[in-house]
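Here come two complexes built around chain A, the first alongside chain B, the second alongside chain C.
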Partner chain A sequence: MNRRVMIVDDNEYVRASVDIICESAQLELASAASGPECIEQLEGGFRGVILMDIMMPEMDGWDTIREMVDRGLYPGNVIVMLTGMGEPDAKMDGLQEYVSDYMTKPFSPEELLDSIEYYLTLLNAPTDHD
Partner chain B sequence: MVIGVSTGGPLTLKALFRELPPLDAAFLIVLHITPEMDYRIAQGLDAAASMPVKLAEDGEYLKSGRVYMAPGGLHLQLTGNNRVVLCEGPRVNYVQPAADVTMLSLSKPLKGKLIGIVLTGMGRDGADGIKHIHDIGGITIAQDQQSSTIYGMPKAAAQTGAIDYVLPPQKIAGKLMELLAPL
Partner chain C sequence: MKFLDAARDKISIPLLISAVTVAVVMMVGNHLMLDQIHEEAVRQANRQQENSMMAFWELMNRRGRNFHIDNGRMILGDYYVLNDANELPDKIFCITGSRATIFMGDTRVATNVLKEDGTRAIGTKLTGPAYDAVFREGIRYRGEANILGAPYFTAYDPVRDVNGKVIGALFVGVKQSEYLARYDRINVKIGVINGVLAAIFVLCAVILGLNRKRAEAEIKRQLNFQQQIMDTIPSPIFSKDAQGRYNLCNKAFQSYVGLSSDQLIGRSVFDLWQPDLARKYHEMDQEIIDAPGIQIYESQVNYADGSLRDVIFHKAALRDDEGVAQGLVGVILDITERKTVEQESRRIEAQKHHSRMIESLMIQLNHDLNTPLTPLFALIPMIRAKVSEPGVERMLEICQQCVNQIQGLAGKAFDLVRISSSQPRLIPVSLCAAVESALNEMAPVLAQRGVICCNAIRADLQVLGSAEQLTLLFKNLLSNAARYAAQNGKVIISAEMKGNEIEVSVQDDGIGLDHEQLSRVFDEFYKVDPARHDLNTQGLGLAICRRIVANHEGRLWAESPGAGRGTTMFFTLKQVGHQPPAIAEDDVSQETTPESNQI
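Let's look at the complex of A and B:
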């Protein structure tokens, strides 16, 4: 049963709070402080629910998703954007299909866990397409 | 009935369909989704809904009391408002499948109701389609701002002036139960 979640955020306080929330639900949390760190963990075999910040230096959340897709690292993952921005910008155009959900910080732990658990259920379900 | 939806869609659809009893209508969902995830999303919705949910297949006829989801990576058009045609082609509104492609393929119904719904999502996919549905005599619904994960597509739909009802998912379910007969 895959219980893996990755938080991708340059803010260590956000990563720490997600860590506490995930630990309370017996989720396995991977932590990445940047887009390149996220890609590195995906190259290393991470598959699960990815909580992706948008505003990050060097490579933002949208660029990170494009890199995932270009390298064939999207399959087996669900992406939930976590952002301080109220509405997404035009950089999301063309990436809608890869982003399942979008949560504005500060998010409620219950809402975040409900979302993570639902997407893990989808990822763990056996399918004829596997 | 055709529903256009994007980001925030999986959980919004779950919230909507778990409220609905089996109804005398065929439901077609156009969710912006990849081929890697389409089957899983349909499976997840099937577990939550009272009506069976499946991916639409090329050439099949839509049946009442069932929910169909457009597969990822293709556009879906309907001929005669009930036969599925899956087609390749350029992205529309940056997406594939695009709700506009499906909605614009609809024609004025000879009998029964035609309903179009635009739910949460980035961009303006579904806006041209929902106006078309309104223009051919259909009933149109858009999700309200407060309940939308991203108020992009429902806003663009509302701005066409062609929306009959602006509602959150639970009230959309109530409206559909008013409009459609139970099975």
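Let's look at the complex of A and C:
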């Protein structure tokens, strides 16, 4: 059963806190500090729930999703965007269909875990890719 | 007389005088010419009588040389009785056209001069100067004479006997009226022609005069029309002659200079402006006169009313067929308002730019605040779950509250900046749906204090608005209501049609507001006293509401019967077209209707 989660965020404390939360729920966490690192891990075979920060330097969340789709790395993953209010959405055109949910920062451990568990269940459903 | 007066008014007097003068001169000339003709005719008549007399004598001489009177009869030669020898005068009349008479003594004895009754004037006497000449002085008479009351051109020769004694006379003559009849006919014809020509000439003069007057009136009308147009144009317009003197201007130009048209015409820039300014204007004028094309330049001018205006001068030279400048025309466009609008537009653009910068900064700040808050927000509850010591638990709780406050402040501040920075596009949206959306988000907060909320707005009621901002508006109002409503109290949201507006109310049964609080409650960072120490409030909620309602061109106000008696927040929105009146459903019984929403 797939219990893999990847946090893509340039802030190491966000990554660390997500790590702690996930560890408490026996989730297998992969951590990426940037879009390229995320792609690298996907190239390495990661499939699971991806928690994607939008505002990151150089390659932001939307650029990363575009890269995933272009490289055929999207199938088998669920993307949950981590966002603040009013963050730029001009680049999201045509990419919303790849985003399953949005989670507003800051979030509580319960909110995060509820969302992750829900999408892992979907991923692990027999009809889904896994 | 009226006609004459009217004609005098309408036509030019000099023209009429000229026409009459020419007609009179023509008539006098003709008269003088006719006089000459008359004199010549008289001379010819006299010559004719001379010739006739010669013919008469010739006729006599053929019948005899000597005249004598015998037994009361006048005899020529030996036997030719001249008494009643009318064939001789008739012969002369046939030959020369002159009438003839043979006098015995001073008595006509043979004649074809007729009396008034048409009979020959036999037996009548010779009188007058001819008688004096012939019978008293014994000389011939030539000239005009009155015969039986009619004037004649005449010739009388005395007839003498062998002793030289005047015993009679011969007369030839023509009646002046008969001889001059042709002349008189010509005279009459020429007179008539003269009169007709004079009348035609005067008529032509009158017509020309009238036409000229009409043309002058038309030109005057067109000039008036042009002046009227120029005066209607709000921009100053002027023209100058080749010497730089103003020769035309409109009312706007007169207002600009502060002088009347009469005071302006004929004056140059040196008469009107300060020397340095006049010199500048003159140089610019000279430039356009020297070079072809249109001259356009911006400047600042002082109007007569003391105002300093930004203007654009448009000038062009007026040139004749040879291209020689005859003057110039100019228009002054007042662009003060345009400049002001441009400045205002630049100011607004700068303000927008500033707003965008602030918004962008707030987004970044929001993100940068929320990012470090995320670990705190996530980890503090986990730590609290692991801690059992009450003191540490209390400290962590305070930390948690502080994090909540920072998060709330960041969110509200961002909301405030975002809704203030741009005007939303107002489209028909469902008011009920906006309330539902806000209720869904605020349900946990309301539930914490057991507050029941009733959405009494009809599901089909639409307003002009931004769904996102209206939801935010209701969220803030519900947040306030949740905070200030009575424990396990009630909040009722309803809408009512008031004229062209929809009046929405959010009513709670909480602490209420006094007079001062009612007036300040919408200020940024204002908190009603009991909430001052509540770390979860920022004092921005109603300020956000005020901005959102302003964005919807509505009004927002609060009413309260007094402290402890609840508060009702009202705001107005614009309706979409002609909606059926929304029902004000303040009645608590609506809680059980399908549209109501209880929490």
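Worth pointing out:
Definition applied: the second predicted complex is superposed on the first by the 123 of 130 C-alpha atoms of A that agree within 3 Å, B and C clash if a C-alpha of one lies under 4 Å from a C-alpha of the other, contacts with A are read in each partner's own complex, and residues count from 1 in each chain.
Here is the rule we use: contacts are C-beta pairs under 8 Å (C-beta built on N, C-alpha and C of every residue); 3 or more make two chains touch, one makes a residue touch a chain.
The model shown is predicted, which means the values in this text are computed figures rather than measured ones.
On the shared subunit chain A, the superposed partners chain B and chain C overlap sterically. In the superposed pair of complexes, A:Gln26 makes contact with neither chain B nor chain C. Touch criterion met: A:Ser115 reaches chain B, while chain C stays clear of it.
When the two complexes are overlaid on their common chain A, residue A:Pro75 makes contact with chain B while staying clear of chain C. When the shared chain is aligned, chain B comes close enough to touch A:Asp93, but chain C does not.
Of the two partner chains, chain B is the only one that A:Asp101 touches; chain C does not reach it.
Note: residues 87-88 of chain A belong to the chain B contact set and to the chain C contact set alike, using the contact criterion stated above. On the side of chain C, the complex with chain A involves touching residues 359, 362-363, 366-367, 370-379, 381-382, 403, 407, 411, 414-415, 418.
Those residues of chain B that touch chain A in the complex are listed here as 6-11, 14, 32-34, 36-37, 39-41, 43-44, 72, 91, 94-96, 121-123, 149-152. Of all residues in chain A, only 9, 11, 13-14, 16-18, 20-21, 24, 55, 82, 84-88, 105-110, 112 touch chain C in the complex they form. Residues of chain A touching chain B in their complex: 74-76, 78, 81, 87-88, 92-94, 96-103, 114-115, 118-119, 121-123, 125, 127-129.
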